[in-house]
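Pasting the structures here.
In what comes next, chain A is part of two complexes: it sits with chain B in the first one and with chain C in the second one.
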Partner chain A sequence: MKTKFFLFFTLLSVFIFAQENAESAPADSVAVFDYSLVKSFTLSDVGSDDGTALKIKWECTDNPENKNQFRLYRLTDGDTVRTLLGNFALSAEYTDENLNREESYSYSLVAVDSLGVEMQGIVSTDLMKPKANYFKTDKIILLLMILIYTIVIIILVETVKKGKVLFVRKISGLDTLDEAVGRATEMGRPVLYVPGSSTMSDIATIASLNILGPVAKKIAEYETRLIVPNRDPIVMTVAKEVVKESYSEAGRPDAYSDNDVFFLTDSQFGYAAAISGIMTREKPATNLLLGMFWAESLIMAEAGNTAGAIQIAGTDAVSQLPFFITSCDYTIIGEELYAASAYLSREPLLMGTLKAQDYFKGMIIAFICLYLFFLIISTIFGGNVLFLNKILDIIRFIFNS
Partner chain B sequence: MAISTSIWIWISALLTLAIYSFLYKDNPFYKFAEYLLVGISIGYGISVYWHNTIITKVYNPLVHDKDFLVIIPLLLGLLMFSRFFKNYSHLSRIPIAFIVGAGTGLSIPSSFEFLFKQVQGTMPTAFTIGNLIIIIGVITTLIYFFFSMEHKGFIGKVSRVGITFIMIAFGAAFGYTIMARISLFIGRIQFLLSDWLGIIK
Partner chain C sequence: MFIRRTLPLLVAGFFGIATIIQFFVPHPASRTFYNMVLDWMIIVTAFTYLMAVQSTIELHTTKIKRKVEGWQYSLVVLISLGITAFIGILGGAFTPSTILMKLIPAFKPSSTSPLMYTYLYMQVPMQSTIFSLLAFYMASAAFRSFKARSFDATMLLVTAAIVTIGRVPLGEFIYKGFPEIIEWILKYPNMAAQRGILIGVELGMIATSLKIILGIERKYLGGGK
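Our next item is the complex of A and B:
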């Protein structure tokens, strides 16, 4: 009886095991994927680009039991080997970037079973060349805003040129410039002007060199020595021109020393170490740190503070401003740096620009307030009023560039 | 304790100490380290310019790829050397004008784009107390940066709220950056005590 039961149990186990194995066998690995399930497989050019990207999109009929994936391949015209771009879901889109606009490409989808084995059959697109666009059409609003801003600047500049006096509020850091330069003269020590660590393409550097002009003129009038160490050779060349011209305007071209506007090094911390050395050895009575600064800001400002110089610093680098505030006597915060050149020189062009900036800020405040107003009303009505949601979307769209 | 026997670790450690000696006062060791850093960085910079600019962007396109458009920036670059000749030094203003003009032109759209993103970030999809604080902060800060209005009366009060927001942001940034700087300092001390002196593992 025991033997019969053992035999029966063994046969039953073998039968069940065989059944289980039959169920778990990769049945779909040998199957052919039904490509009629692919509803669409499209290849299109990515707009507003330099002709280096194509967009591939495919969609499959919903099949919840389907555990398959697609493998996407790219084939360059003239090549025989396809490049695998990756595994994707049955419905997805992919943007193929860094292509060559001189070449044509086609894409293929190959189904992959649940074990990752490629199934039979393939679906491909036609060949397509990526197209380069002259204009980024998605930036139209940005262009319009820049044009409006430029027109406002031109109108205001012309108004100032006709003699209208524009009011500029007091900027305390700049009001002390006279005092700071006067102190250096009284002490018989030089003024150190650091135009930041960035290049000429940085707005803060351009603003700094705009400030350097009137500052150098003042220094020339006081007959004080001005030291301008630079990190960028191009900035140095521009700084030389600015200082030279200012000395000429002040009627002191002979006082200009070409050796005092010099290049140090383009290494960030090498520049900081050298400036710290200058502050300690030359003992300037006034340090002006105006422009773009990074991690070196505190090293310079602390060295100047230890040397006992009066320090006026200004930058639009938000992360560096706290260091200047803690270690300098006066700090010009962010946009005050851009306003400084207009404040000091009172030139019509700069004054007009400053006024236009204020109008633009006013416009932004108006848009934010308008948005807030409609958002509050929309919230009161439970956020379901289509008309209000449309208005909110339009306002957001304006700043979507 | 196992003091390092590597000459490079020793050089690195001694130069670190030479730089730190400035915290006491200016001294010959600091001067040596400073001059060494400036000198080496200039030398290194020249070799980088040579390989990455002269060879890669001028020589290779001109000689190997026959791309003669490179001659235009090359000539502009060569004009910078006119500064060494008094009678022709004015020619150096041409490449300067090009760089300043192109630099400013390129930075205007990107600055506007950055500004637009910030404005969009100030437009929340839901009305909450947190979002309201952000909006008030942005508006008052913008009013602080109005230059054509005296900071008196209502504007004065609003701009004071604005500068308070700015100072809170600066305080947070200060604390965050100090943390990062301290971690850099810890890294250096670890190098001295571990890699150099072998006191800690």
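Our next item is the complex of A and C:
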């Protein structure tokens, strides 16, 4: 039995050894590479960049038996030593990045045999400097969209200025703001306004502060206390100004207390813990959680729910919306947060921008439907109709841009 | 009026347009401008933290002075702030400073600075404690929302039950196709709804930004209009 095993393993190892040898045998290596096989070897500048990249492309006459590779070298003008960039196939392209736009570069190809030994001969490009561009051509559609959007906004704002009345659908969460503030007044308890956990660079925070203005004005009119705890010092500064101005507008500058708009901490869960503490100690009748929230959203919302306050939350963070919907009485979902400013103030100029948003959304829906329509027709015809494929490519290009 | 209204609007408009242009220009000059603005932001943010400290001290000092309910906690906040600032300034943020070693000869250099020590062994455990509460809150929120009161709520309950079972090994044990069903739910109906919301959000963001750049939206400057 032992002898049989021994024989089996010996034969197996001989077989494997023979296989490895057969693979590594230099069947096609030659000492000199025929560079006339190189059909093209071009060096070009990479477009839409900051002048730090060059593109090298080479192509060889197709010969399936040729198992050689090319070794690509870079030579900086003024240097004598070439830098190896790697081994590549006989036809390939390579983008050399992180270059200096003040210097010129040339590239060389040296053939290597299947053992990795460099063969005689070399082919090189001329010197070239990478160029810095002034426009990202791949973003042209995006720029066009922004321009069209801006023009639509301006046109609608001008239309509204002339007196056209625009219809805006009912947003329950915003309609209830008055009722929520009124409830706090009746109960003699404060209103807690949380402007989110993010910084001023977040558009959701700006949207939240835009809502804070009308809310603070209403609260000042009702002579109720407003508490605004902040996580970011810049947001705190802006919130102070917004509340102070709103109290002045309501004719109650004396009711404004600087200590009611304050900084808590920039720690995410420290902030959540502090807000929960305020909800438990101060027992606000109304909690308004509007802005950008992350994992702390549920901690705050559940603490408010347990305290028995009426809660209105709003965020554009899709992952946090289910938590707010579960724990709050009203939830302002996504875009409604950005519409709130116009909805509450009913200012004609802001209403115009709201309508522009709707028109653009309609346009995106139309594009998606158009794409779906052409995709179905193209599938019915087996995907071979050139005209349909072109249309689909154009729509795909617009979406990708 | 010019300082309080017009100038901030002009500054917001100028930097808004400049940042949009910067996005479309790949030239190094554009990147230099962007980096410069980022540096300005860092400097401004650093100074605003002084205002944050001032706000915290003022708020808690007032609470202690007026002896409002729970004023003792305010005392804890102020003492903690003082101690942290003290060890931060003398102990260095990341490596023990030589000042501390000169002041206290017995102080031995260590790889963990005193400030990092307070962060690692006090702040991090406290944050983790609050974070762990999330699990309990999630259970209570799920209990409330998964009551089959209406057709929509029943749909939510059924979907949630399928996803929950399918996400644990038990699901695959019961029926091998469970993970594929979950993938389908998350990839198609769920993603479609999310994208619908996200398209609206993105447009809202652009509209809000344009409103600020064009000076249509002014509430962030304070006041209603």
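FYI, the second predicted complex is superposed on the first by the 270 of 401 C-alpha atoms of A that agree within 3 Å, B and C clash if a C-alpha of one lies under 4 Å from a C-alpha of the other, contacts with A are read in each partner's own complex, and residues count from 1 in each chain.
The working rule: contacts are C-beta pairs under 8 Å (C-beta built on N, C-alpha and C of every residue); 3 or more make two chains touch, one makes a residue touch a chain.
What you see is a predicted model, and the numbers here were worked out from it, not measured in a lab.
Q: Of the two partner chains, chain B (first) and chain C (second), which one does A:241 touch, if any: first, second, both, or neither?
A: After superposing on A, A:241 lies in contact with both chain B and chain C.
Q: Determine, under the contact definition given at the top, whether A:375 touches first (chain B), second (chain C), both, or neither.
A: After superposing on A, A:375 lies in contact with chain B but is clear of chain C.
Q: Looking at the overlay, does A:166 come into contact with chain B only (first), chain C only (second), both, or neither?
A: first
Q: Taking the superposition as given, does A:203 touch the first partner, chain B, the second, chain C, both, or neither?
A: both
Q: Touching A:339, do we find chain B (first), chain C (second), both, or neither?
A: In the superposition, A:339 contacts both chain B and chain C.
Q: Quick check on my understanding: which residues of chain A belong to both its chain B contact set and its chain C contact set?
A: The overlap between the chain B and chain C interfaces on chain A comprises residues 139, 146, 203, 206, 234, 237-238, 241, 266-267, 269-270, 273, 281, 295, 298, 318, 321, 323, 325-326, 333-335, 339, 354, 357, 361, 364.
Q: Name, in rising order, each residue of chain B that touches chain A in their complex.
A: Checking each residue of chain B against chain A gives 19, 22, 26, 30-31, 33-34, 37-38, 40-42, 44-45, 80, 83, 92-93, 96, 99-100, 102-104, 106-109, 111-113, 115-117, 119-120, 122-127, 132, 135, 138-139, 142-143, 145-151, 166, 169-171, 173-174, 177, 181.
Q: Would you mind writing out the residues of chain A in touch with chain B in their complex?
A: 139, 142, 145-146, 166-169, 171, 199-203, 206, 234, 237-238, 241, 264-267, 269-270, 273-274, 276-277, 280-281, 295, 298, 303, 318-319, 321-323, 325-326, 333-336, 339, 343, 354-355, 357-358, 361-362, 364-365, 367-369, 371-372, 375-376, 378-379, 383, 392, 395-396, 399-401
Q: Quick check: in the complex, which residue numbers of chain C touch chain A?
A: 20, 23-28, 30-31, 44-45, 48-49, 51-52, 55-56, 58-59, 62, 69-70, 123, 126-127, 130-131, 133-134, 137-138, 140-142, 144-145, 194, 197-201, 203-212, 214, 216-217, 219-225
Q: If we count contacts the way the header does, which residues on chain A are in touch with chain C in the complex?
A: 48-51, 101, 132-136, 139, 143, 146, 149-150, 153-154, 157, 203, 206-207, 209-210, 213-214, 217, 233-234, 236-238, 241-242, 244-246, 248-249, 258-259, 262-263, 266-270, 272-273, 281, 295, 298-299, 301-302, 316, 318, 321, 323, 325-327, 333-335, 337-339, 341, 345, 347, 349-350, 353-354, 356-357, 360-361, 364
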